[in-house]
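Here the structure is laid out as C-alpha cells; the discussion comes afterwards.
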Amino acid sequence: MIGGGQGAFIGAIHRIAARIDDEYELVAGAFSSDAEKAKASGLLLGLKPERVYTSYKELIEKEKQLPEGERVQVISIVTPNHVHFEPTKLALENGFHVILDKPMTFSLDEAKELEKVVKSSGKLFCLTHTYTGYPMVKEARQIVKSGKLGAIRKVYVEYPQGWLSTFLEGEDNKQASWRTDPGKSGIAGAMGDIGTHAFNLSEYVTGLQVTKVNADINIVVEGRKLDDDGAVLLKYNNGASGVLTASQIAAGDENNIKIRVYGEKGSIEWQQDIANTLLVKWLDKPAEVWRTGGGYTSSYVTSNMRAPAGHPEGYLEAFANLYKNFAQSVKAQIEGKTATPEALDFPGIDDGVRGMAFVENVIASGKSEKKWTDFVI
Amino acid sequence: MIGGGQGAFIGAIHRIAARIDDEYELVAGAFSSDAEKAKASGLLLGLKPERVYTSYKELIEKEKQLPEGERVQVISIVTPNHVHFEPTKLALENGFHVILDKPMTFSLDEAKELEKVVKSSGKLFCLTHTYTGYPMVKEARQIVKSGKLGAIRKVYVEYPQGWLSTFLEGEDNKQASWRTDPGKSGIAGAMGDIGTHAFNLSEYVTGLQVTKVNADINIVVEGRKLDDDGAVLLKYNNGASGVLTASQIAAGDENNIKIRVYGEKGSIEWQQDIANTLLVKWLDKPAEVWRTGGGYTSSYVTSNMRAPAGHPEGYLEAFANLYKNFAQSVKAQIEGKTATPEALDFPGIDDGVRGMAFVENVIASGKSEKKWTDFVI
Amino acid sequence: MIGGGQGAFIGAIHRIAARIDDEYELVAGAFSSDAEKAKASGLLLGLKPERVYTSYKELIEKEKQLPEGERVQVISIVTPNHVHFEPTKLALENGFHVILDKPMTFSLDEAKELEKVVKSSGKLFCLTHTYTGYPMVKEARQIVKSGKLGAIRKVYVEYPQGWLSTFLEGEDNKQASWRTDPGKSGIAGAMGDIGTHAFNLSEYVTGLQVTKVNADINIVVEGRKLDDDGAVLLKYNNGASGVLTASQIAAGDENNIKIRVYGEKGSIEWQQDIANTLLVKWLDKPAEVWRTGGGYTSSYVTSNMRAPAGHPEGYLEAFANLYKNFAQSVKAQIEGKTATPEALDFPGIDDGVRGMAFVENVIASGKSEKKWTDFVI
Amino acid sequence: MIGGGQGAFIGAIHRIAARIDDEYELVAGAFSSDAEKAKASGLLLGLKPERVYTSYKELIEKEKQLPEGERVQVISIVTPNHVHFEPTKLALENGFHVILDKPMTFSLDEAKELEKVVKSSGKLFCLTHTYTGYPMVKEARQIVKSGKLGAIRKVYVEYPQGWLSTFLEGEDNKQASWRTDPGKSGIAGAMGDIGTHAFNLSEYVTGLQVTKVNADINIVVEGRKLDDDGAVLLKYNNGASGVLTASQIAAGDENNIKIRVYGEKGSIEWQQDIANTLLVKWLDKPAEVWRTGGGYTSSYVTSNMRAPAGHPEGYLEAFANLYKNFAQSVKAQIEGKTATPEALDFPGIDDGVRGMAFVENVIASGKSEKKWTDFVI
C-alpha cells in the first residue's frame, strides 16, 4: 500500500475492503514520507520493519528485488490525487497490478498517459469507483442490459453532501484541506471528488456514454478555491438526456448517492441509503422491490454478497467486492485462465480516463458561455 | 363553474375541493357548449335548469342580472388553457371573483393583460397551484422565512410523471390529447403542465425569484408535438442556484413532486407521496420529522388541516385549502375586513404571470444556443 | 345528524366525509341538548332554524312527520358511545337509514339488541370503521380472497397512539375526558376506541373470524379509569394465529394503524401512513408495490378513489368512501335495485356486534387467569 | 475456530467479522470431524496443516501444548447448538477465551453449568447476539439509560422471517435441517434461533429484565418438529409490558428484526433494514432521525463504526464490533488494564443464561394453560 498512514481516512477503508474476503495479505507499505510516521503505521499494521518504506519509489524498487513468491503482487495507491500518476505508472511498469483510489489522476493528460501505461504493461488495474461494487447497482446494469426497460431515455443521478457547508478548510481539517486545494486535487473540487462517482455510476448502469455537457459549476462557500457545488445537463450517445448534480454544501445531507434510469417500458431506482434494495418500476404493473439475496437475482448479485437476505451489507462490502473481483481476475491471469464476467466487472482504466475527461469537460463547460459542449477526451 | 362537464377530470376535483370545507355552493354552470351535454352535467350536479348555461358569456351576463344575494359570487374556470383568458377577463370585469386552473393563460401576453384586469377589477383571483395548499409546504415556506436555515443556497425541485411514456394522444385519450396539442395548451407541454407547478413551488417555498434559466427541453416520444421532458438550471435573485426537472416520460413514476431547499445551516425536504411529513435537516444535529398535527407547527399548518395527526390528508385537502382560504378572503373583502395572512396565502395573479413567463423563458432557452438567458417578463 | 355540535371532533369529520362525493345534503340536526348551542351549530352549518332540534327524539319525531321527499333519509349519529343505542334504535324503527360512529354501543347486550332492530327494520345501517374505507385495504381483502397468498397463517395488526401518555383527562381535554370515562365509553378505553378498529381491520382483510383471545390489558397512566394499553393474542377460525396491539401510551406515535397478513405463498402489508400503497410480498419473487391508481387494481380500488395515481387520498376520503357506498346502497334500495358489491362493501351491524364482543371478550380475558378464552357473542 | 467448515454459513460470517478490524489471525481450526473435509477447509483458509484438527478436543489439547506466544488466544465456536457446551467448557477450562455462537447451549441446565465454568475460569466469553453490535442499537440503550425517555412502559420487538414457510427440511437444505431438528437445536426452533435474538435485544436496549411470560407457540408447517412461529406477552421487572414475536413462516419477510421502546416522554425505534438510523420520537416535539456518523452521537456509536456518515455499515460490521470489542477486552486483560466500557459492551454469559431461560420458559408457557408464568432460571 502506498499512502494511507495513521489518520488517513481512505487508506483504512481500503485495508478493510481487502481483508473482508481474505484474498489479500498486507505485507508492505509506504505509508508516509516521514520515516517515523511510516514506521509507526507499519508497526500498527503488523508489517515487518524491513518492508515499511518511506517512498513509493523505494517500495516498488525493493519489492521488485524480492523473489516472486515473496514480493507483493498488487499495490494499492491511496494518496491524494496529485500523487496518483507517478506511483501508479512506476508500479505498473515494474510488473505490479494496481488498485488506485479515484479520481484517477491530477489531469486528463495524466489519465491518457496512464492509459497507455496500463495497456502496454499487461497488468491489471482497478480504480475504486466503489458504488459500482454494490450488488444492486450491478443488478441495475444487468436489467438495463437485458432490454427489459426498452431504450433508455432519461437519467437522473445525484450526489448530495453537506459536510463542506462551512469553510472547514480553515479549521485544520485534513480531509477538507486537501480536497479543496487545487495543488492536491486538481482543477475540480466537488466535481472531481463526488461528481466523478455520479458520472461513473450513470455510465456503468446505463452502458451509455456521455457525449455533451452543459454545466453550472459553483463555489458557494466564501474563500473556497474549488467548486463545492454543481449541476450538469447531459446528452448520451443514444440520444438520452440526463441530469447530474453533485454538491458538498447540501446542508444536512450525508452521502446518499442516487440514480434513476428511465426506459421506454420501465425504470430503475437505487440509492446508497437503502443499498440492498433496487426499485424496478413499470409502466403497467406494480413496481418491484428487488433485494440482495432474493432468489430471483442474477449471478452479479449472488457472487457479490456474503450474508443471507435481510442482513444488510453496505459500503465496506461494496468496496470489498472491488478488491475481491480484482483478486479473482489477478489469480485467473496468473493461472492463465479467463476470469469470469462477474470477476472482471470492476472499474478500470477506461472509467478513469472518462472520469478525468468528465472533470475537465464540466469545469470547462462551467466557464463557457456556450450551452452545450462536446464531451472530448 | 365554467368548464368541467361530464368526463372532465379537473372540474370534478375542483368541485370536491370546494365542497370539503362547506364554504361554497354550486348554483350555476357553463359546463359545455353542447346544450345537451351542459344540461346533463347540470342535472347530475343538481343545478336548477335555468342556471345551466351553454357559454361562459351567457353565464356571466345572466348571473350579473340576478339580484346580489342570489347571483354567484365566485366563478371557477376549469377549461383547457386556451379558454382561460377570455372568460376570466369577462368574469372579473363583471364583478365576479375568479378561481382559475393553471397554467394561467395561453401565452405570457395574455397573462400580463390579465394582470391589469385583475388589478383594476378589485376582485380576488386565485390560480390553483395546488401544491402550495399542502400544510407542510406552507410550513416549509415559514421555516425558510424565519431564517432558521440561513441564506438559501441551493434548490432541487422535480416533477417526474410517466403517463405520457407512450404516444397516448394517438389512442383517443382526452387528457393526453389536449395536453399535447399546441392549439389548446400553448407552446409548452410538460413545462406548462407540471413544470409550472415545480417552478411555482420553488419560488413559494424559498420566497426567492428566478432570474436566469438554462434549459434542456425535449420531445422524447416520436410524433409528439410538445415537450414531454425537460431540465432547467436556475439562478435565483439572491445568488442561489437551482435545478428543476419535469418529465412525463419517467416510466413508472406517478406524481411525486418533490422539493429540497438548502440553506447555510440546514435544509428542508418535502414530497407529495409523504405529504404530511416535512423533513428538516441540520448541519450539526439530528434531522427532524415535522408532521401535520404536531403541536409545534405554525398556524399555517393548523389552519389548513382537519383531522388529528397521523390521519393523512392529501391532494384533495390541499386543493380544498386553496378554496377555503380564498373563500375566507372573499368574505373578509365583502365584510370590509382584512383577511388573515393564513387566508391570504393562496396563489394569485403574480404567480400566474411568473408561471407564464417561466413557460416562455424555458421554451426560448431550450431553443437557444446561449447558456444562460435572463428570466424576462 | 345527531351530536357533532361546535367543538366536537368526529361530527365535523363525518360532515366532510358526507360532502366529498356530493351524495348528501345536511338538512336537519340535533347537535346539542342545550338549545342555544344547538341553534348556534345549526346556524353555522346553514340549516333552517326549524330543523335544528334539541334532542334526537325531537329530530326523529318531527322529521318523520315531514313529507317523504322532504324529510331526512339518512341519520348520522356521532355522539359518545353511551348515546349510540337509543337514537339508533329509534331512528331505524321510524324508517330512517343510519350511519353510526364506532364502537357501536355501550355494551354487547345493546349491540345484540340493535342487531335485531336493524334486521327487522329493513333499513340500512353503516358503522364507521373508517379504515376499511381505504382503497388499498379493500384491495388487500380482495387479494386474500383471491387465494393468491394461499391459506392465511398469521396476522399482525397494531394501532399505536401516544396522545394519552399523560393524564390528559385531568387537564380539561374534552376528547380525553369522555374517552377515559367508564360512564361514557363503557368497560373499555383503548380497546374500545382503537382496539376495535384493529380487530375489525383484521377480520375484514382476512375474511376470517377470531375464535379465541388471550389478552394483556393495562392501565399505564396513574389515575386513569380505563385501559390505555393492551395486547391480544388471537386464534382465527381457520387455525391461523394473530397478534393485536393497541396502545394510547405509545409516546411519539400518532395513528399509524398497520396490518400484516401472511399466507402460505406470500403476504400483504398496509399502514395508514402510506395509505395509497399496499406491499405484496412473495416467497420467491420480488415484493410488489401496489398503488392506488395503478392500472392493475380491482374495481374495489377504482370505485373508491378520485384523483389520479400519485395524488394521495387519505383519511377523509376513506371516510367519504363509507358515506358514498352507503348512499349508493340506499339509492339502490329506494330504486328497488341490487347495489353493486363495491357499494355494499361498508361495515355494518355484524361488524358492530363482533366489535362489541371483542371489547367484552378481551376485557374479560384481561382479568382472567385462564390463558385462552373463547370468543363468545 | 471450532466448526465452520466448507459450506457452513455462520462460520464464514464469523471469519469475516474477525478480519474486518484486523484484531485476529486465524491460525488453527477444527472445522470438521471428517479428516478430509477438515483438511480441505484448512487449506482453503491458508492454515498450516499441523494446526488443522479433526476434533475440538484435539484442537484444545494440542494448542495448549504450544508455547504461549504461539498458541491460539481466542477460540470461536460455531457448531450447531448441541455441540456448544462441551467445547466451550473445555476451551475455557484450558485457558482459552471463547466466542460462541448463539443460542448458548442445548438446554438451560447446560447454560447454568457453563456460567459456573466461565466465572471460575477467569477467561472472557462472548456470545454472538449480533444485533447488539449495531451502533444505533447501542445508542438506543444509552438513550434509554440516560433517562431522556422517562420510565419505560412498553416494548415491541419482532423478528419476522419467511424462509421456513415451506417444508424445507424435506429438501436437503442443510440450514433448515439442523435448525428444525430437536436433536441438534434443542426444544425450540424459531424461539431459539431468532426469538432469543429478539429477547436479548429487548433486555439490552431497555436495561430491564423479563419476569413473566405468556406465550403462543406454534408449529405451522405440517411435519415440522419444532416451533416455527410464536408470540410472547412479556412483563418486565419495572412493571412495563412487552410483546415479542418471532416467526419463520412470515412469507416474504427476510430478517428485519425491529424494536420499539416507549417511555413516559418519548420512544425509540430501530430496525435492521435501516440499521444506521435510530428514530427518536417525542411527545411534544418533532421526531429525530439519529444517524451513525452524526456528530451528536455517543462514544458507543463512534467507537463502533468505520466509514463516514451515509456510507452504510451493516450486519457484518455489527458482527465485527463484537469481535473487535472482545479483542480489546482480551488485550486489556492480558495487559492487566481495565477495558473501556465501550469495549466491554459485548454479550456474555449472563445474556446466554437468560437466553436459554427464555427458550425454556416460553416453550413451557406455550404448553401451559396458565396465562402468565414466572420467568425462572
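Each chain carries a letter (A, B, C and D) given by its place in the written order, and its residues are counted from 1.
Heads up, the rule we're going with is that a contact is a pair of C-beta atoms (placed from the backbone, for glycine too) under 8 Å apart; a residue touches a chain by one contact, two chains touch by 3 or more.
Composition by chain, UniProt nomenclature: A, B, C, D = Gfo/Idh/MocA family oxidoreductase.
What you see is a predicted model; the values in this text were computed from it and never measured.
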Pair joined by the larger number of C-beta contacts - B-C, C-D: C-D
Subunit B and subunit C: spacing of chain centres that average the CA atoms, whole Å: 35
Averaged-CA centre spacing for the pair subunit C and subunit A, given as whole angstrom: 55
Cα-centroid distance, subunit C relative to subunit D, in whole angstrom: 43
Residues of subunit B touching at least two other chains: 253, 287, 291
Touch-based graph of the chains, sorted into line, ring, star, complete or other: complete
Subunit C residues within the subunit A interface of the complex: 279-280, 284-291, 294-296
Sites on subunit C touched by subunit D in the complex: 149, 153-154, 156, 158, 160, 162, 165-166, 214, 216, 218, 220, 229, 231, 233, 241, 243, 245, 247, 249-253, 260, 262-267, 281-283, 287, 368-372
Subunit A partner contacts - residues on subunit D that touch it in the complex: 9, 12-13, 15-16, 19-22, 45-46, 161, 163, 253-256, 272-276, 291, 293, 306-317
